[in-house]
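Reading through the structure tokens given below for one structure.
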Amino acid sequence: MRDPVLEIRGLRVDYGLGDAAVHAVRDVDLTLHRGEVLGLAGESGSGKSTLAYGLTRLLPPPGVISGGEVVYHPVDGPPVDVLSLSPARLRAFRWADTSIVFQGAMNSLNPVHRISTQLLDVIKAHEPRSAAAARLARARDLLRLVGISADRLESYPHQLSGGMRQRVMIAMALALEPQVVIMDEPTTALDVVMQRQILGQLAELRQRLGFAVLFITHDLSLLVEFSDRIAIMYGGRIVEEAPAADLYRRALHPYTDGLLHSFPALRGARRELTGIPGSPPDLRAMPTGCAFHPRCPRAFTPCDTDVPPLGRPADAPGRDVACWLHPVAEPVPR
Amino acid sequence: MTLSESAAAPADEVVLEAVGLTKHFPVRKRLRDLFSRTPAVVHAVDDVSFALHRGRVTALVGESGSGKSTVARLLAQIYPRTAGDIRLHGTSTRVRGGRPFRSYVRRVQLILQDPFASLNPVHTVRYHLTRSLRIHRNAGRSAEDLDKALANLLTRVSLAPPERYLDAFPHELSGGQRQRVAIARALGADPEVLLADEPVSMLDVSIRLGVLNLLQDLKERLNLAILYITHDIASARYFADETIVMYAGRMVEGGDSETVTQNPAHPYTRLLTESAPDPERITGDGAGAGIDEAAGKDRGQGEPPSLISPPAGCRFHPRCPHAMRRCTADVPPRLTVGDRPGHWTACWLYDPATVAADAPGSAAPDADPAVPPPPALVEREDTATLGEAR
Amino acid sequence: ACGDSPNANKKNGQAATVLNVGMPNGPQAENNNPFLTTSAAASLGYRWQIFEPLMMWNPVKPAEPFKPWLATKAEWAPDYASVKVTIRDNATWSDGQKLTAEDVAFTYNLVKKYPALNDQGVPYTDATASGNEVTIKMASPQFVNQQKVLWRVPIVPKHIWEKISDPTTDPVKQPVGSGPYTLKSFTPATTTLTVRDKGYWQDLPKVKELRFTSYTDNSAQTTALANGESEWSFVFIPNYQAVFVAKDQAHHKVWAPPVLGIHGLYLNTTKKPFDDPTLRRAMNMVIDREDIFTTAEAGYFHPLVKSVTGLPSPAGDSFIAPEFKGQEHKVDVEGAKALLTGAGYKLDGNTLKDKTGKAVTLKLTDPAGWSDYQTSLEIVKDNLSKIGIAATIDKANQDAWFRNVEQGNFDATFRWTEGGATPYDIYRTVMDGRQLKPIGTASPAGNFGRFNNQQATEALKAYANATDEAARTAAMTTLQKVFVDQMPMIPVGADNIGGAYSTKNWTGWPDDSSPYGAMQPTQPNALDVVLHLKPASS
Amino acid sequence: MRFLLQRVAFYLFTAWAAITLNFFIPRMVPGDPVQSLISRNQGRISADAIESLRVLFGLDKNQNVWEQYVDYWNQLLHGDLGLSFTFFPAPVSTVIGDSLPWTVGLVGITTIISFFLGTALGVGAGWRRGSWVDGLLPATTFLSSIPYFWLGLVAIALFAGPGSFFPSSGGYEPGLVPAFDQYFIPSAIQHSILPAATILVSSMSGWILSMRNMMVTVSSEDYITVAHAKGLSERRVALSYAARNALLPNVSGFALSLGFIVGGTLLVEIVFSYPGLGYQLFQAVGAKDYPLMQGIFLIITISVLVANLLADVAYLLLDPRTRKS
Amino acid sequence: MAQPSAAPGRAKRRRFRFVANAKAATGLVILAFYCLFAVIGPWVAPYSPDARSGDVLQPPSTTHWFGTTHLGQDIFSQILVGARSVMVVGLIAGVLATILSILIGVTAGYIGGAADEGLSALSNVFLVIPALPLIIIVTSIVERASDTLVALIIGFTSWAWGARVLRAQTLSLRRRDYVEAARATGERTWRIILFEILPNLTAIIASGFVGTVIFAVMSEITLAFIGISSISSWNWGTILFWAQGQQALAQGAWWWFVPAGLAIALLGTALALINFGIDEFVSPRLRSAGKNRIPTADGRTVRMRVGFTPVLAPSRPVPAPREEVAP
């Protein structure tokens, strides 16, 4: 269970070149293990989406990957460096091994093609020799898998409701049974009832198919409930990473702590909500040292000068944090 | 400066009241409808009544498309209403435009849903606020007065120092800051009522909290009556004194916030609260089991009903696990739920006569014996534990 | 099936049997009605190859007697209000029937009955046939309109036309005429005529096929002429030596004989100081006709009017009064200045001041699109500045110009006069007191300059109604005297009735050495020209 | 369906308004057909002819404008466009019938070629920004800024002198009878090359530009990124996803340009003396030939409206979103 | 201080950004030249454009830079003097059509209802009627068409397209939250149109203006070329008219029509360039910045393209998977 399927090391992603570049993702290390759900949360603009698109090389211009590596470990065969794949091999790699569910289902489906066309062409592109009938059968199965009747195959996207479209995207993501599924805020546009339904189905499918999920959302409650591990991003860096329950019970990083004290809970006793003072950092003029220090209630001497490394703190084994309050006992091995 | 820091009027006075408010949007006719007598309309809001009190926040929750924004716009008189009445301090008002409209909006201000869209990208913060002050003649006489009023407004919404924000364009502000500007603009009119349409839905949790705290603060300091519209039922619990739940254009439940969220009466409210993500639900092994468990009840029918031809009777009945025959025929009236004063719901389950005549769940689409029995029929042993929340 | 195509023999048509005629008139609609000015037959001119007039008149030599054609003889009554014509007996229609005096009488009665067909406006009252003679009666003396009666009316067969319900709108799809050609095919661009095999009253022409092509505009027509596609046309060719003649020095020719119709600068004789004949004469003295002729009219198009009487040569030679014989226009700036100062004008530096001390200025007007007139005005403007008259040029809107000129709202404008068999039409257009209208009321038929001279009006009347030659000569002399003295219009060039042609395949065209007829393909003489053509010997 | 009905009602109204305007505008022009005929002939038609021509054209009847308007509609509804003055008494429908095929043939085919070629190049330029196709843009911009007629003049000067393969004027070799045979067709094609090339050069860059910009816009849509993420081949993404969607707004532009075929290329026809409708219209305006002017305007109006309707229908077919009944 | 102005520093930055666009800058420079000549043309022209001389139909030489006409007039002077009329007509017509299209399009879009139906129908009728023939007819109605009048006629007949585009855009803006918000604040209708909606339409209005100017210049020149308009002053169309009337082509006098045509084409290009500039300035998506090819650290060049984010770092051999330490 704990063997890695996707390893991100020192990934740096910029928007633009040279001096004008915005460093949206800085030296991110992250490992996704086979079959797990890794949640990714953080303030708006902290670089979550950029990370997700960057590691699949789908960032539109002016995004560029300026450093690091992304290693994919197939079930069998040697590891692959995704960043050095040729366009043709990258195309083959995509979807078959890593698929993505984008934020807005509304815009992710081509409005002028039928659902069937869009489902079938991904199968056809990767398995050109398969029989047409077999492909169609697979497409029907996929739709059924996500709880949509197969006769909706001939619909156009606009004829489906938002929830159905989102489910079609999930079905499409699973079409080639990839090892990794990346989901960028897949349910923000939906209401809670719909959201719960979709995630429920997804959890079921994951148990059946055993893919790993990188799940990005703002909704911490959802994340805590749905994922195995959670990574928190701030200012382009991962500031904390821990098993979901641990993180929820005890946040090490002051930013995580602030986040956890920012959302009201529906159940249980009413908690004090403190929030996080100040405003998010400007990516073009990042504070020196720890990016969070200007807002941190517990900032002290090294915080404004030195960037804390991400690693295992002595006081909390089994989790990673980047904060001078919890000095690293053992840096993450490279 | 005319903005009243503390209103003399007693708190809890009803400021704005909706009585049987109804809004039907006409839809484009199709050829075959040409010959039918009844015009096709979207029943966006049907028979909605509630009151906003001075110094209190009323939350309006419900799924997407249930008519929440429409209610807010009706109250702001941006849309003409189809039926019903809007009473400001007890007097019925209907304004169309011109001077009466302006004097109405001076007292009732609307804050729109999306902070990214509700500020004109070509104008500075100064322009937006100046306009609001000027229209409602709160700008004073001289340029100095105006500057003072602007500074005052910005400080009030915690955008300090004001000079830093006055000449900024919207795109230079963060979402939370924009939302505050939008609120400041509404305050520029020195209103008695704030209609805040999902003021935080687009924001990040930490920024969201800041805005909500601000509203809370304003309510207390200025004695405003606030209508707080949201999807996020948990935030309603925290910030609203009273919560109203809407489903498909109708009000289905209302009462004190803590009661409605902790002890929901209507099956739809229950579905809503159960579906809301809840970190407390994690069992510890982190396998996401909670998700599966809650998802079972509404599978495959998660679609809201058509509002052009809404279901007869209770609009929730096609999805309701406890639906009875009566639910498919008669619109349920407001029924008081016994647990708290002021808690009511529109559900036949709370009418003992109906329940006696008709087995709950007998008309449900796929009656599932595993579903817990309707709340009215079980003894509420958990009520006591929730009581001390407030 | 391809062999059946009408285009099949196009390429191998032998050069010596076909004559290609061109006109720059744009695409045509099928309409062979010989009476309608708007028909393709009139526009391209082929109506005269199918239908014939009673007599041939030579506009180049207007005073020469008419040549017998369908009529062998025409006798005018002394008052010229009726004419008795004798019809030849050997003419037949192309459907084989014989042409009779009945047909001729029918034709004239038809024209009388339908004013829409009477494009010459002759007031016919009646035509009666008896034997082979026809008497045509008119309401007034027609001495000056003889050619309109005998030369411009195409004779049509009674047996066909009496069945046409409305001859004013009938396109006459299958024309039957007495001429040597019949219609072979029509397309909007090209009409083909083929020669009759028998029954023509004189020798059949050598040209077996006539192709009338309508080019879309002047430059297309010019190009066609230059490369030999077109062998005969009437079109304005700027710099014709370089553009046309030089392309085939040996064969490409232009002959542009003048007729009794002129172009010149009309002056508004009611406007001060142009109501003064002295000033008008002085202006006449500085205008450089040569320059206009070579620069604006490409050295041929409007032949120079040299005689002071305004009559072109040779067409007008026989009409010039003895006292003006040999008197020609010359540019004489000094003379003009002297004339002006003598009359009380002052030349103040570069400005001419009239008797009241006001500077003499003038606005020259012509439609914007008429480039030869515009060029002429440029030259006139230049010339007038020599005697201190400041002229400006107004490029007017064509319709507005038309209206303003007819209503007398102008200072000076280039325009044409009517043309005819005698100088009467020229002088009538310029000086007729009967056309005199107040400024603001239109006088469409002439006297645009509001020239008011009793003597001239009387002389015009006398000339048209005279019953003897002496009276006519006297009237003509009076007219010329008034014209020269008063100079109500400054004559510059004449209309030409010539054409551009090629002698590569056909010879026998009229030219200065043998001016037997007009040269325009649209004139009745065109038939005469075609009959004169012989294959170029090779 | 209702959408279509609504459109049709709208078109009928526009047609009525346009036709009415077409009726009144020519009548506001000063001068009359007789005068124009005389002035075109500069003295070769005598002033005495004026009366006969007025009678001929029926201008001597003193009908008031309202009666004329009613008559006009009456005739129109009977399919009668009246008689042309210039070619009196040829019916306007004959004159239009003679020239319409030329215009439709030349300009229509050219417009279609220009659209497809321009669109194809635009797809290339927009998809691979910075490639050679993109490099063509400044040049095509320059070409499209040149007035049509001037380009035509230069083309004639450069290519069409005597002895050249390209004729400088006309629609076919004079002397040929229009027929579908081996003499006429090649001649018609030969005559159309230069004018067609002129139109092509100056109109194509518009398509290139608009298609390129649409491609660039569409390329940044989410569904394109998804298509890339799906690992589809470049060709498929470019054509079936990007170009297919980018084409939509251009389709209505194309349909509109089809509508302007008839009226839009007057100058090319004038410069090349091409026997089309634009040339006829120009002549008719000069000759005050109201019936012909009205007839041609009618054709233009109808073709623009039909093209608009086509655009609507094409949109309906191409964009499933609008098909929602 | 009804409309607070932006801080000077910021405004400067924005304006500068527009001019920094190479295309726009080129276009502006060319246009500036034309405007300059429109003003000073008649004074700097070496000859009077009407003046005849003995040098008839001379090809370009040092005395006559662009050669002479059949009357010996200097074509260079005619071009210089003609610039004014062209620019005046283009600008007046452009301004007029733009104002009309704003008035009609924005009003129709914002007010909606019957007024919208009426105004849309009006602009559709104007769209359906072919512009050029209409202009020809209208121009021939008036007797003495001055430059201004021609410009007015062109302006009055060419607003429809712009109005249609503006209406569509206004329709979408009208539903924007900030417009609703302004309404809810109590703004009056005219203020909403003028201050909330119009500023957001600037790009469309500007490109519509540029488009109309091009169209107006073309129309004016066309009118003069076919001899319809009665403009007494010189413009480039008049030059072409004379060249055509004298069959300059057949006479081999290429210099007679080439300069005028190039002058028109260059003006059109300049306006088109400015149009691109505006488009790209407003829509960052169209910014085709020259940095399409970028060098990487190890000397390769990669291309920016959708779907394949370039990787600038040198590629390293793939290391073995890291050993996971069990917690």
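Letters A, B, C, D and E mark the chains as written, and numbering starts fresh at 1 in each.
The rule is simple: a residue touches a chain if its C-beta (ideal position, glycine included) is under 8 Å from a C-beta of that chain, and two chains touch if they have at least 3 such contacts.
Quick caveat, the model's predicted, so the values are computed rather than measured.
Enquirer: Chains touching chain C and chain E alike, please list them.
Expert: A chain counts here if it touches both chain C and chain E, which gives D.
Enquirer: Sort out for me whether A-D or C-D is joined by the greater number of C-beta contact pairs.
Expert: Looking at C-D and A-D side by side, C-D shows more C-beta contacts.
Enquirer: What's the farthest chain from chain B if centres are computed as the mean of the Cα atoms?
Expert: Of all the other chains, the one whose centre lies farthest from chain B is C.
Enquirer: Taking each chain's centre as its mean C-alpha position, how far apart are chain B and chain E in Å?
Expert: Averaging C-alpha atoms per chain gives centres 49 Å apart.
Enquirer: If you average the CA atoms of chain A and of chain C, how many Å lie between those two points?
Expert: Chain A and chain C have C-alpha centres separated by 92 Å.
Enquirer: Centroid of chain D to centroid of chain E, CA atoms only: how many Å?
Expert: Result: the chain centres lie 23 Å from each other.
Enquirer: Just how far, in Å, is the C-alpha centre of chain D from the one of chain B?
Expert: Result: the chain centres lie 57 Å from each other.
Enquirer: Considering chain C alone, which of its residues make contact with at least two other chains?
Expert: As it turns out, chain C has residues touching two or more other chains at 219, 223, 226, 367, 398-400.
Enquirer: Enumerate the residues of chain D that touch no fewer than two other chains.
Expert: Residues 29-30, 220, 225, 227-229, 270 of chain D each touch two or more of the other chains.
Enquirer: On chain B, where are the residues touching two or more other chains?
Expert: Not one residue in chain B touches at least two other chains.
Enquirer: Note which residues of chain D are touching chain A in the complex, please.
Expert: The contact residues of chain D facing chain A are 220-223, 225-234, 236, 240-241, 244-245, 248, 318-321, 323-324.
Enquirer: Write out the stretch or stretches of chain E touching chain C in their complex.
Expert: Residues in contact with chain C: 50, 52, 56, 70-71, 140, 142-145, 226-232, 241-242, 244-247, 249-251.
Enquirer: Applying the document's contact rule, which stretches of chain B touch chain E when the two form their complex?
Expert: 76, 78, 101-102, 105-106, 109-110, 112-114, 117-124, 126-127, 130-132, 134-136, 143, 146, 167, 169, 182, 185-186, 188-189
Enquirer: Name, in rising order, each residue of chain A that touches chain B in their complex.
Expert: 37, 43-44, 147, 161, 163, 190-197, 199-201, 203-204, 206, 218-222, 224-229, 243-245, 248, 258-259, 262-270, 273, 275-276, 279-280
Enquirer: Spell out the part of chain D that touches chain C in their complex, as residue ranges.
Expert: Interface residues on the chain D side: 29-31, 35-37, 39, 42-53, 55-56, 83-90, 94-95, 98-99, 162-163, 168-172, 174-179, 181-184, 270, 273-275, 279-280, 283, 288.
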